[in-house]
Amino acid sequence: MNVVVQNIERADKSVIEGLGKCGVATVHEAQKRKGLMASYMKPIFSGNRLAASAITISSPPGDNWMVHVAIEQVKEGDILVLAPTSPSEDGYFGDLLATSMLAHGGVGLIIEAGVRDIHDLKEMNFPVWSKAISAQGTVKETLGSVNIPVVCGGVVINPGDIIVADDDGVCVVRREEASEVLRASLARETNENEKRIRLQTGELGLDMYNMRNKLADKGLKYV
Amino acid sequence: MNVVVQNIERADKSVIEGLGKCGVATVHEAQKRKGLMASYMKPIFSGNRLAASAITISSPPGDNWMVHVAIEQVKEGDILVLAPTSPSEDGYFGDLLATSMLAHGGVGLIIEAGVRDIHDLKEMNFPVWSKAISAQGTVKETLGSVNIPVVCGGVVINPGDIIVADDDGVCVVRREEASEVLRASLARETNENEKRIRLQTGELGLDMYNMRNKLADKGLKYV
Amino acid sequence: MNVVVQNIERADKSVIEGLGKCGVATVHEAQKRKGLMASYMKPIFSGNRLAASAITISSPPGDNWMVHVAIEQVKEGDILVLAPTSPSEDGYFGDLLATSMLAHGGVGLIIEAGVRDIHDLKEMNFPVWSKAISAQGTVKETLGSVNIPVVCGGVVINPGDIIVADDDGVCVVRREEASEVLRASLARETNENEKRIRLQTGELGLDMYNMRNKLADKGLKYV
Amino acid sequence: MNVVVQNIERADKSVIEGLGKCGVATVHEAQKRKGLMASYMKPIFSGNRLAASAITISSPPGDNWMVHVAIEQVKEGDILVLAPTSPSEDGYFGDLLATSMLAHGGVGLIIEAGVRDIHDLKEMNFPVWSKAISAQGTVKETLGSVNIPVVCGGVVINPGDIIVADDDGVCVVRREEASEVLRASLARETNENEKRIRLQTGELGLDMYNMRNKLADKGLKYV
Amino acid sequence: MNVVVQNIERADKSVIEGLGKCGVATVHEAQKRKGLMASYMKPIFSGNRLAASAITISSPPGDNWMVHVAIEQVKEGDILVLAPTSPSEDGYFGDLLATSMLAHGGVGLIIEAGVRDIHDLKEMNFPVWSKAISAQGTVKETLGSVNIPVVCGGVVINPGDIIVADDDGVCVVRREEASEVLRASLARETNENEKRIRLQTGELGLDMYNMRNKLADKGLKYV
Amino acid sequence: MNVVVQNIERADKSVIEGLGKCGVATVHEAQKRKGLMASYMKPIFSGNRLAASAITISSPPGDNWMVHVAIEQVKEGDILVLAPTSPSEDGYFGDLLATSMLAHGGVGLIIEAGVRDIHDLKEMNFPVWSKAISAQGTVKETLGSVNIPVVCGGVVINPGDIIVADDDGVCVVRREEASEVLRASLARETNENEKRIRLQTGELGLDMYNMRNKLADKGLKYV
């Protein structure tokens, strides 16, 4: 019942990097508003933007044994995504595990639970999006699984899916849809750049999007 | 039923600037502890202090159409105040709308809902006090109103009222009371400056405020 | 019924300083995971790490009278720990009280309620861990007590206990156990430093901790 | 600054009774979805439905002095609406105050804070909608006001406005609009009764509301 | 992009009924503790226990159009499972929709949002497990989908999966695993019945489960 | 480190029964407003009122092993009080453990975590005050302690302290103070009975408590 899936497929590296540059809001819109985690998944320090392939962890509450198991599966550019099997705010992860992650090319952590050693993680510039910050440690007594589908922040993540994360939160892109979503994201960026220039000059959204007639039709009154 | 009130009155510019320098805690005390929004209205990044005239928006949940309508009403030194008609954490506002606000002299946003593009808003130094951060976008399908009284963070805001906001939160000053509140705020600051100097020298509040007798009368025992 | 206990015992200064350097996560583990406050006790700005002797305050909701009483009891290196007798988010403490604290050698505040003047407290580098930020002021009408045992963030604090606090949260060390906890904390740090070096070279936790057999015994399958 | 407004206007008794029979959901729709309190305002026991004229109370946190003042203003069919000036969960109200209310014709309480003596209130069948249940008592030290506009559950209530409350929550109807809202509510009920009968026979909303074409136009696909 | 899947497979009726009799706690254990929704999914009134086939709805926030679409897909013994695409507490569902559900054999609703007409739903004995109660209505403007996989209460639900719900909460059983889970549930019930009898006679769990040696081995001391 | 304290002292049976009849609000006032648990500790079904001697349990998150250990220590009239060492909503306790409790004279459970089998517990009339309801089970892998002081709902409970609980919540009375608190509670009840009769006749609190002069002195204006 408790398994470690060892060989997972990952999206193309250039696609992942492309998504990382676009950021959460753009990617989320580009894939038609799906895959956004709940807003309680917050960065432990601000200023990060990344995309990475998910190594998923299903873990008992208050037990971080599977994190050690998962790190062996990490390759350059991977991120851990941990979902406990029942709610926990414990600190599953700290500076030692971050050290191990960096040594294996891991780039961050998404966790629906707590982390600790915030000061050190910030100095190491190891980004984490979590539900809580807590120094309360965990045990290593009960098995979980690695690289099975999990639900984190209200969203399904399959191993190898792409995590896009920045100060807006966390969004998941299906591995099979990554190229298509990147294409749509870049198109959206181009479109937004044009609009940004027009708005900077003072043009109103009301005119740029031709909203005035539709507003009048619905009955908006200016008084 | 859905209206845009176009000509609102604003307080005197120098009064608004004066209130901005005093900050939330002082202004709130000076107007006898009214007008403070709930503590879940938080700055998306720290270090801002401002006062501005409110352009109010009443908006359906998950629908930011009225923001475009409101920006046309913005004049130099105005701030948007958005209250949804039922609870929403959606990201009503991002870098494009901030660009448009800046082009029309707008100075910030108060919103009982979510915002997105946090990284860009911080780079543009566009301050926002919100209930949530979320990349989840909104639609433009249902009308709301602009410049009617709204309740945001548990407080009534009329269009043209002065919003004072800093890292302590958000406080609303009635337009008609602004001069009087500024006067009381400045008096309070003078008074506090004197106290600060005395406290810095080590004088105790117990002595400075003559509290010892009153404490003894109420029955406080030193053991 | 309402008392101020004037002469409390404090731990040795060098022990307190030693605990401050170890930080919350290490100290909490070293004393076998007891004494950690709930995760809603958060720093109002990041980057602080300290240890200090607790001056405790039991206060009515929305009444900060006892803070003035408590500051008279503060000696060099002390920290205030305030617990209201029923839930309150009011701003009990601001820049004037911080000025007074600094003048008497006080180093910070732990409060299961609100604080205000965040901007000033940050400029003064006066660290606070609180449940809320609120400009809502308090009154001075009802007595409480100083230096009696209180429960703050779900943990009992006796006057003179050592508060350890950093970006991970707040942990309490019993005064009588402080030397022993420091010894265990330092041993833990030495042990972690060795592990950190091995993990940096890429050694896996699975091997460093000899976990593979135990995982297999419990039934973990690699697929 | 602290006032008791003694003579307030109330809506017509038959209008109030009519609104009470319609209930919250119907009245809220009938007045175009305004006036609904936040969903944290919950009945302390289920099965009540009423409408009543509001006697409003603005009270300091943890201080119920003004409740005694307010009860003198209560007439047959009135309900108390209490909003604290900053967040409080304290138990402002229990069986003695309910006894006094009943003796003066009062019919219930709406309170953005706590109540106690739940068991007794249920036995007396005295309905309350509150934010919390708490045995924590209050003091009688600081003034507030009676019959001024307050914000409770995110909504403005003026003295004499009509409170409609049932197991769905609490809704406020402006006194001046009460007759019109009752008319619209009754019309809505008639309309819903017709629909209910058609739906009971198995007719689909899709057909009853002629939705099929609009769904197809927007692009809904059946697969 | 927005679809209605019309023909879904359902589990065998006798299996569904069997699961309903076992209840949430037993079924959840029997399928090795997966499929349990978050504890904020609560019954609007107590005393119900059921199992039913899921008709799933993915809906925009504050828009219940798809509920009408979904009811056409309901067959005898089905339950609706609605997940909004971003957080909403609005009242998507009330007594009219319940009337329509009952007319088509529907047995209840699971919704990660709000419901209204609680009093009527209780009188009709129409069970609902929801995240909120709110009279705030919704619109019918934006498409969603019916019978696609959704995440509700943190769990994936496929159309045709079996929902088991009672006063403990809501649990999802995969359609393909339903027979096997029923078998395990019944075995578990038999086993628990035996234990219940032994416990009723006063036998201790310590003895019945042979825990004393294991406790001593781990180091538990009796003092 | 993990201990079971076997012989604890209990208060006199008649004192415990007396406190149970007075209820939470009266007892809490009578002991000067100390010992009240936070308002998130709620009854799983209403209508209970009891007092009992506390058997305390300190338990790891998601691990109910110590409950079995604790039940061996239960004597006629005892209640279990369980506090996890870090936050957990898991269902530690269900109908089997309740059966065992009843067989040994146990009368209820106070738990800062979750319970399950709500329907059965209600049928058995086994009262529980908990932080959550959850069918998620627990493991039996890690030791805790029995009959040591714990913090539950923000309050310290020593083994043998008296728990008073009803629909208002939970209050703790120190064993050594129980007789004195009972005396004060009964005096309070007598006093309240007199007031209740006067209030029933329509006498106002304003007159009964002689408040009018004090209100006028503080500056209350009638307009």
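Letters A, B, C, D, E and F name the chains as they come in the text, with residue numbers starting at 1 for each one.
Criterion: a contact is a pair of C-beta atoms (placed from the backbone, for glycine too) under 8 Å apart; a residue touches a chain by one contact, two chains touch by 3 or more.
Because the structure is a prediction, the values reported are computed rather than measured.
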Labels of chains that are neighbours to chain D and to chain E: B, F
Equivalent interface positions on chain A and chain F, same or different at half: same
Computed distance of Cα centres, chain D from chain C, in Å: 43
Rounded Å distance between chain B and chain C, as computed from the means of their C-alpha atoms: 31
Chain E: positions in contact with at least two other chains: 1, 33, 36, 39, 85-87, 89, 134, 136, 142
Touch-based graph of the chains, sorted into line, ring, star, complete or other: other
Every chain pair in contact, whichever chains are involved: A-B, A-C, A-E, A-F, B-C, B-D, B-E, C-D, C-F, D-E, D-F, E-F
Residue numbers on chain D that touch chain F, as the complex places them: 1-6, 45, 65, 67-69, 71-72, 89, 91, 94-97, 99-100, 102-104, 114, 116-119, 122, 132-137, 140, 142-143
Chain C to chain A touching residues, read off their complex: 23-25, 28-29, 33, 36, 39, 42, 46-47, 49, 166-169, 171, 192, 195-196, 199-202, 204-206, 209, 211, 215, 218-223
Chain D - residues contacting chain C, complex: 60-62, 85-90, 134, 136, 139, 141-142
Complex interface listing, chain C residues touching chain F: 1, 32-34, 36, 38-39, 85-87, 149, 151, 154-156
